[in-house]
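Heads up, there are several structures right after this.
Same chain, two partners: chain A is paired with chain B first, then with chain C.
Entry: the complex of A and B
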């Protein structure tokens, strides 16, 4: 930071200044310290020495859909996976800063990531049902979390989860068939049902529709709008129209070269979706949403 | 024939039509040559395996010239049967015992009866008084408690003790089929030259013999090749399989799960992984030395069973089937670990993430989602590794497999022999009959390994269908 001459450094410094304004922008509607279900405070994620995302401060409101958008490599998926400590699975990953869940830092030493993931569920990019029956796919998550109900309670839970995921009518007669027998879109809804069945508070979705055709995508989007009545949803998407259609608030990430020439993702703008897509405050955001890059 | 395309421009750096045609021909020639080369490689492998099987089968069946001390026909006729219609094996149990009673020396008879009695309710060779004395002694023989003999074992005894066949010459399978007259001529010439000692040509009969037969599988080792069997060796190998499995599977699968599912890529774990890969290539004799130095000597109180008893240990030293099984288990361990690791790595990471994202612990995810999918692959790899180990001879020689033993192994602390040891021992004998026995024992060993491999395939299919 002592050498002032490098262009890269100048770029970084500029972004750092942006950062300050963005934090205010992002945090303002819900107030700086709360109201949200998850709040990240200057969170940075490293893979080894590589800083993947820097200084992300976001406040995710409950019972809302928040979309994370941005070009490839901007760290939006990394941010998402940090929210339920799935990044811990990567041996070299390291998170700095704080991620507050209802005021509790989920990276605190006394927090078990297993507990975090049970509360903050996740749906992945590629549908990944277990190679078991549809029933087992749903029931297993409840079982491992110590479900105490009877067999018929479990049946009710499975039905309820499948109904919430708008899949019940399609699979009610073949619960004992393999989850793999379903189509891609059905498999993804099965994965959503599986996540719902553990009664989480927040559902993270990592490009849940990127492997699906437009009709299946539409169904998942409708489903998300229904689910936000009961859950807080954070979705990563590379599809801007999707973000515009479903989300209440949108965070735009971009890649910036840092002083070492590494491509580090940064939060550029975080505002209500209508505002972000109609009158973005940052030039980068405008360029991205109008299709000038990315 | 060529596919017509518009002539290319000279500037695009691709060959023109004629050049392309000759290039295409050259490429096709190379492709054909390469295919032929691969076919040749396959043929060499197939020929090698076929030769192996041919050698074994060729030695296990064929014509033999036998001289019997007592001809079965004479014995059958002596019992009042028509030798044309009745064979010795068809006569009654009582009559077989009668033959033994008249032909066997009383000392031998008493020994046989002490091994296993002939009748539940009466004694043949022993007197009641001596019998009860012997049976109430500190170490009563097996015959005091075991049930009576059956027809098959008594018939085998009659063959061994009364008929006493002596194979004076044996022929291989293929020449026996192609040119049986040559064998007869050879035997006749042998008699003329006096090569068969005091036997005369009219005593000898030429007959077919399958050295690999049920009696061979069911009778213990003997110094007389005509009645020697591999029962002891089969049971020894079965114990080895059991102990090897019980040791190598839990340890190997556990280590593989740790390495794949838990271990972080630290330098220590990389070092361990590299060494496991290297251990898979260590020669089996080195494992034998390890087994001898550590299991037989250092852990003798354990491997001889001394620490499990207050008084007399079950075995006098550590050269037991337990030591050998653990040695083979160590030998198979690296391969079991590696194949289990491969099976675990083949399970898509997305399932691990799915499990963990539902709030399952790592163990719950591994137990319920990863292991069931990896199991078929693990089983196949493990069983193949153990089959490989069971065929090993060198480590067994070092840890002290007995080369001559007639009593069945009864537990982990028994002295033992195994099929490869038996084969090795018989091939080192000069008599032609033992060579035939070695070939027949090879068939038994191959069948045993084939059974293991079939089990691997069946288990794999069964579990993959379930997934």
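Entry: the complex of A and C
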């Protein structure tokens, strides 16, 4: 049986309970495109005593691509990892403020971080397929997340995920080969397919093209534009032209030194992308995008 | 935050200097073209036509350099606006050179025909009005001075007025067939100078965009409205 899991259910459901099968792909929550999906409220992240990023208030729209840009050390990846509690995996990391996902604080005590990461998926800088077959790379995550369908249902799930990631035509005849047999760009699309297969609502991407050549990069960018019809995407990128090409809104972060000489990242400007890259309102943004930084 | 110049900014400055040199040449050509047509000086007309060939060559070279800069650096923000404005101005001033050629060709067509001192005075007056417009627009651009850019529409107003009345001046001399033929061509000269005036206003609007990041249009009083604002 196929059904659509509501966001509220997704956030509260136990991972290994007797859940009904989830094979429906690509469904976004109800509501108009552009409405808020994740909102950070005065979010600060610490690693031990070190305040990596301070007071970030951002509202990420659904079915849009939001880019986070800024110089190294500005906290943009830290912010990204805070949006699905990936920072919890770092022992010294601590998050203050709130991260609201459809109105619920994902850092609340009764929220399961594993389920948060399923609903808010992540694609990393370097393609990191599992050391398994192409088929198993997709199927394994679904099984872990309680997939109880038949073998043929799983086959459908794998195909749909690979089709959504624009990889099916290239791998349909070699599903039993290792994920490592693919090129870098294909591996990254496999990782996107793997993220999609667990039926997320939001996909976080941490410099997903930095290890790829220009052709593979272009394919990922085209894929992102297709995926935003069904998912909300938040991407960290060092490539300003990439942010300008794919994103609807862009947040620029910068590093500020406090009186003790500590470098803390701060949000400088959050604007529609075409505005930020032609007429930024903040001098810091202008200096960064025109290369007058440093 | 330092404001150091990168290789890109050095090259962009150099591109802008080449373009300003073209604009300076075009401004001088307006004066010489008008002098040739009111004095019937064919040699001067030929000089103007020759000078325009040089502008066309430089226009092509600037376009090549512009394309290379764009491909190599993919500029953003105010640099992107500056690139957009430079490309626009490169085309505008190539066309201003063409208007000067149009005037110079009329010098040749009008050779041997009788002329009207009054119409010659009006054409000279137009030239004396549009050349300071170009100079003011250049200064506003170089100084990034929005207030100076806003002076242009008011400066253009008398140019438009003289141009609008030029056909009446031709009618005044229509009794004399030779003079009428000459005067009809002078309407085209007037029209060419009116275009030069408009191109100078457009130059100032480009400067306003460069400074503000907003697409602005000036009205005759120098007030500005945003073309980005649909309520305009």
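Just so it is clear, the second predicted complex is superposed on the first by the 258 of 294 C-alpha atoms of A that agree within 3 Å, B and C clash if a C-alpha of one lies under 4 Å from a C-alpha of the other, contacts with A are read in each partner's own complex, and residues count from 1 in each chain.
Definition applied: a contact is a pair of C-beta atoms (placed from the backbone, for glycine too) under 8 Å apart; a residue touches a chain by one contact, two chains touch by 3 or more.
Everything numeric here is computed off the predicted structure, so don't read it as measured data.
When the shared chain is aligned, chain C comes close enough to touch A:241, but chain B does not.
Of the two partner chains, chain B is the only one touched by A:89; chain C is not.
Of the two partner chains, neither chain B nor chain C is touched by A:160.
Of the two partner chains placed by superposition, only chain B is touched by A:145; chain C is not. Once the two complexes are laid over each other on the shared chain, residue contacts for A:124 go to chain B alone; chain C is not touched. Once chain A of one complex is fitted onto chain A of the other, the partner contacts of A:191 are limited to chain B, with no touch recorded for chain C. Note on chain A: of its two partners chain C and chain B, the one contacting more of its residues is B. In the superposition on chain A, A:114 makes contact with chain B only, while chain C stays out of contact range. Across the complex, chain C is touched by residues 240-241, 244, 277-280, 283-287, 289-294 of chain A.
Chain contact summary for the complex, chain A toward chain B: residues 84, 86, 89, 91, 114-115, 117-119, 121-122, 124, 126, 128-131, 140-141, 144-145, 191, 194-195, 198. Residues of chain C that touch chain A in their complex: 1-4, 6, 8-9, 73-81, 212-214. Partner chain A is touched in their complex by these residues of chain B: 264-265, 348, 350-361, 364, 368-369, 373, 467.
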